[in-house]
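Here the chain labels run A, B, C, D and E in written order, and each chain numbers its own residues starting at 1.
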Amino acid sequence: MSAFIQLDRLAKNYGDNVVLENLNCKVAEGEFVTLVGASGCGKSTFLKLLLGTESVSSGQLLMAGKPIEQEPSPDRGIVFQRYSVFPHLNVRENVALGVEFVESKWLGRLFGKRRKEALAQADELLSAVGLEQARYKYPHELSGGMQQRLALAQALIKRPKVLLLDEPFGALDPGIRKEMHDLVLGLWRQYGLTIFMVTHDLKEGFHLGTRLWVFDKIRHDPHAPDRFGSTITYDLSLQSKDKALTIAAIDEINAQLHGAEKTTEPTQS
Amino acid sequence: QDRFSICWSIYVGWMPWEYGDATGIIDKWADKYDIEIDVVQINDYIESINQYTAGQFDACSMTSMDALTIPAAGGVDSTALIVGDFSNGNDAVILKEAATLADIEGQRVNLVELSVSHYLLARALESVGLSERDVTVVNTSDADMVAAYSTRDVTAVTTWNPLVNEILKVPGATKVFDSAQIPGEIIDTLMVKTEVLEANPNLGKALVGAWYEIMSAMESQPEVRAHMGEASGTDQAGYEAQLATTQMFYSASDALAFVKSPKLMTTMEYVANFSFDHGLLGEGAADAGFIGIQTPAGVFGNSGNIQLRFDPSYMEMAADGSL
Amino acid sequence: MRRLINLQPNRVLKVALGIIPFLLILLAYQIGSDIRKAENEQDKLLPSFSEIAAGINRMAFEPSRRTGDYEFWEDTKSSVKRLSIGIAISATIGLLVGLAAGAIPMIAAPLSPLITAISLIPPMAILPVLFIVFGLGELSKVMLIVIGVSPFLIRDILQRTQELPREQLVKAQTLGGNSWQIILRVILPQIVPRLLDAVRLSLGAAWLFLIAAEAIAATDGLGYRIFLVRRYMSMDIILPYVVWITFLAFTLDWCLLKFSRVVFPWYHAEK
Amino acid sequence: MRRLINLQPNRVLKVALGIIPFLLILLAYQIGSDIRKAENEQDKLLPSFSEIAAGINRMAFEPSRRTGDYEFWEDTKSSVKRLSIGIAISATIGLLVGLAAGAIPMIAAPLSPLITAISLIPPMAILPVLFIVFGLGELSKVMLIVIGVSPFLIRDILQRTQELPREQLVKAQTLGGNSWQIILRVILPQIVPRLLDAVRLSLGAAWLFLIAAEAIAATDGLGYRIFLVRRYMSMDIILPYVVWITFLAFTLDWCLLKFSRVVFPWYHAEK
Amino acid sequence: MSAFIQLDRLAKNYGDNVVLENLNCKVAEGEFVTLVGASGCGKSTFLKLLLGTESVSSGQLLMAGKPIEQEPSPDRGIVFQRYSVFPHLNVRENVALGVEFVESKWLGRLFGKRRKEALAQADELLSAVGLEQARYKYPHELSGGMQQRLALAQALIKRPKVLLLDEPFGALDPGIRKEMHDLVLGLWRQYGLTIFMVTHDLKEGFHLGTRLWVFDKIRHDPHAPDRFGSTITYDLSLQSKDKALTIAAIDEINAQLHGAEKTTEPTQS
């Protein structure tokens, strides 16, 4: 397997709070990795490392053989659960913004013919995510599902190699999720993306991914819960998707996460 | 009624009230006439007159001009119980760069509009054949006059002490006209509501008695003047400098002579004319004599509408030593 | 019987109830005025409604004997002009400084404590210094507003900028935006409606400082007139001026809100 | 190179950067003072630091020859007392009226428009009226604060009360609470920490009104002293007083925040 | 079937917006009714009618033969998705509040021995929902799941006949839901409750309920989407819980709701 993304004894801590430790993995280009794990176990933190908004504490995180850039850049797109789109721009402008940033260094804004071209480019992607009808709407006029479609289109206009999804459907009605799944799978194939997607829904993880990572702590210190971090406890290949196997795996993981949840259930505020 | 309140504000000629209050002289005289007198200091001069006019106080220190335009014009019949002093240089017109009064033409003059400063300016302009139309009057609060003078925009001010002395310390400031050139026209008095005074002569006696006791202490003892200086926010030297341009009537007989002279009536006529020209006598006023002013030498204006009175009888008692 | 906290007045009742206190105040004034007038016919403290009407007429609809101007309108014009300029300058400063500090942590570090300190200084107390620095002309009146209001605006805009979802800024970076582009195209347009909100909140203070400035040195303006006629207790002029100022303040606030609603519908839908 | 918007100063740098502007201001003052002193040795506008120190010493550490008091501390005592009483009364009014109107729609209907109107009146414009209504004693100074601040507090508390999740009130009703009980046990305790927030926001205005009131009618207090010595432009006293007021304002704000954090941890955790 | 709750040509509209129309049903005491339907179709509105915070526009809503009380009262408990607990009271005090309201008319607060009794009563219920360990904590120190347990305990102290649940687990991690399901079923049996529960998760509805209602519009006016309201389009008895049948039903309902969603997908803001 050629390693596009490589994790090598990767660890991350915030001061004394060890969040991730000893992550070792290789991911090939074009894989669809889904990440599950209890709340607060460090899934989002891992995505932040990939994104470059947080830096590695020890070990290595390589992309195409080089340490990952320490800042967000267009080669790694992201869709968050919320706030991924710009409320003050309409749908087309939201998508075209990525083009404008490149072509207009000082104003970040295009005019006349070049603007038209950028918008045309945006329209293409909007068709791909099924938003052609909503081109002139503002995000607040869109449903949650449509906003996430928009966020996807926005990310894809930069033709990223890696797409990071942090619970992208967590705030959507279950009824809408199915459509979104089809959409993401379609885009993944069409654009040849490498996707890392965090989800709380184990079944979603099984359904979408070619590979599923379970994050969990293997060591616990009851007196200092922050002392040890999570690591990847399961790394399942989902290429075959055998139904019976899947169900068994789900049950096992569920039981395990469930047990862990009881002791580490975090404070909500 | 045996409880009275009087108010005063910080000014060289009214600091005796602070001294009398602090040392108990006023209480002593009040006790003598079996009444009670509250002495209240008010920072803002105009506010003190307004409070008096609105009925919160029975007596208040003010200039004769303000007595005419505020309480008298507001229907509060007032009597000048004590004439304490007149300004003899305490109010002045100061120019920044020019040397003579005539240069004021065309300048912006900062002063407290409609106050005695305004009156002084009008009299000054008259003296060199100019009128108010030849300058622009800018209303400026007295507390900020010194700071205002330090700014580049301000070239002419008309104001009173201690501000005059502060401003004159600035190099280049020239006094081109002052109240010494119109002696006896800016008169500082204690006004009492006529109605209250008539009903309670004891109030008049106690206040006048106390006043002249303070006056004699003030005239003879430098430490008294030091006290007053400090209470007004400066020191003895600063206060003495202000006194130098104030014609204090330390003795009742001096005050009497001033009040009884026919010149007082002429002065009040000037003041009334000025006030009328500036619309200060109220909308109902048809001419400068709309409000009658009674002086020992006679009545100026409408004797059917006397609202301002100069009553020498209490000062006479003091002069006679019968208090 | 329904619980008191659940009882909602209907539209008509609500309007009626809203008007009642104002009527009561007018009535109380009328009675108070009558009582004082009975004691002293010349009383100036609580003039009768006809005297107030005469006062308004004199100021607004008859040219001044001295200058030939319609003083009420001249005063309004001057004050509104000063207020508008003052607010415009404050808003510009608030936007630029607040945005820069909010978006760029390296600018916030030195500015933030300074602005906190400045916002705590009561501007009235340092008037003399202001005069010396800004003179006594129109500039000083405008500057008192600016100094009184802009620290608040800067702090507010700084905070609002920092409150923008971090996710948006990250997203913009993944779209290839550099700092300047992100500030220009992502942060600035979202902050402008928030600036309007902040300006609305600071209007009260702006009026306060305008009136204080006009009380100190001026030749016209609503605050000037109030403090001038205070010299002879012309409440028949002061009271209508106060009502007029209140009305102007309300109108200005309302216009800003309407403007914001029309120009930034996405902002108001979001809230 | 990282983007400017991503650069975070570390702790030490942040403190250092925070101090620099203050040092610069002191330096600029020193230079300005030297220049003016060179022109006119008597200059009072920008006294040298030694003159300021002498001023402080005279006011704070030497008894006044006239009264034997240490005037600085007396002024502080008087002002802080007035401020505290004024804020306490305003807070009480704000809490009671705001809570009642926020919880009971039938009370909000008549009060809401009235309070909006009152909050728009600039208190400076009606100063003369206030002094006449409330006299010139301690009451009037406190009342100016109350009138200036409580409309804001009422509006804020009203709004905060209405913002409490509707769900909580419904839940309390299903637990059998009547209106009074719900106000007492569900709304009031949740509003108190919000009142503290509102009071902190209104402290600046309270200081402003206190100083304005003391400037007009008082015989002691920080505002009184500033206005008294302003006639002589004694900046050597005004400047330390201004710094002191700023410091007091900061301290008061900080204490209220600490207090709220300790007493209402659930409120601050929620935010 | 003895009708404990009876809906008779029940309709609800807000001005021109018809939300519910022509609801006819009878519910016996002790039933567990789950409600599903597209977002905005009026499920919460129906609960509000039962609760008494909204009033019926036409038709009748009877409880034990009498029109339902027009105000919330202790005989109908409620748990919302959020904000059901009081943040300023600790766990015990939250539960004891229901007792204090009854026993202290003026202060709504008990002291001394009576307070102790009330707290003891609260502790009993806290054991029932598994919160004994968290008695002295404040809500902000609890996880989302624990907060919902608390909300249940709080409602149950009034011994309500009817319990209304509006997406009570909508904001919880899927991993925690399973426990909550067991808890609710346990409480339902133990306290002999009649439960109406709104959920977005069709499977949850099938799993928990003895009866499932699907809310949907049967008439559409494309030019005036508010003109017609929703009604109960399916009323399934789930007593038997035949697995195959269930799956078939889920698929059918899903398809139907899904189609409807497309055209009525509401605006989110």
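Note that in this section a residue touches a chain if its C-beta (ideal position, glycine included) is under 8 Å from a C-beta of that chain, and two chains touch if they have at least 3 such contacts.
This structure is a prediction, so every number in the text was calculated from the model and none was measured.
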Would you pick out the chains that touch subunit A and also touch subunit B?
-> C, D
Pick the pair with more C-beta contacts: C-E or D-E?
-> D-E
If you average the CA atoms of subunit C and of subunit D, how many Å lie between those two points?
-> 19
Please report how many Å separate the Cα centroid of subunit B from that of subunit E, as a whole number.
-> 80
Averaged-CA centre spacing for the pair subunit C and subunit B, given as whole angstrom | 38
Note: subunit D sits from subunit A at a C-alpha centroid distance in Å of 48
Residue numbers in subunit E touching two or more further chains are 53, 71, 140-141, 269
Return the residues of subunit D touching two or more other chains; collapse runs of consecutive numbers into ranges.
-> 3, 45, 128, 132, 173, 178, 182, 215, 230, 233, 269-270
For subunit B, which residues are shared contacts with two or more other chains?
-> 50, 54, 144, 146-147, 150
Chain pairs in mutual contact under the definition given at the outset = A-C, A-D, A-E, B-C, B-D, C-D, C-E, D-E
Under the touch definition given earlier, write down the residues of subunit B that touch subunit D in their complex.
-> 7, 10, 22, 40-44, 47, 50-51, 54, 56, 142-147, 150, 162-163, 166, 169-171, 226-227, 230-231, 233-234, 238
Taking the complex as given, what residues does subunit C use to touch subunit A?
-> 165, 167-168, 170-178, 180-182, 184-186, 189-190, 264-267, 269-270
Subunit C touches which residues of subunit E in the complex?
-> 53, 70-71, 269
Residues of subunit D touching subunit A in their complex?
-> 2-3, 6, 269-270
Listed in rising order, subunit C residues that touch subunit D in their complex are 3-9, 13-14, 17-22, 45, 103-106, 109-114, 116-117, 119-129, 132, 152, 169, 173, 178-179, 182-183, 204-205, 207-208, 211-212, 215, 222-223, 226, 230, 233, 235, 238, 241-242, 245-246, 249-250, 253
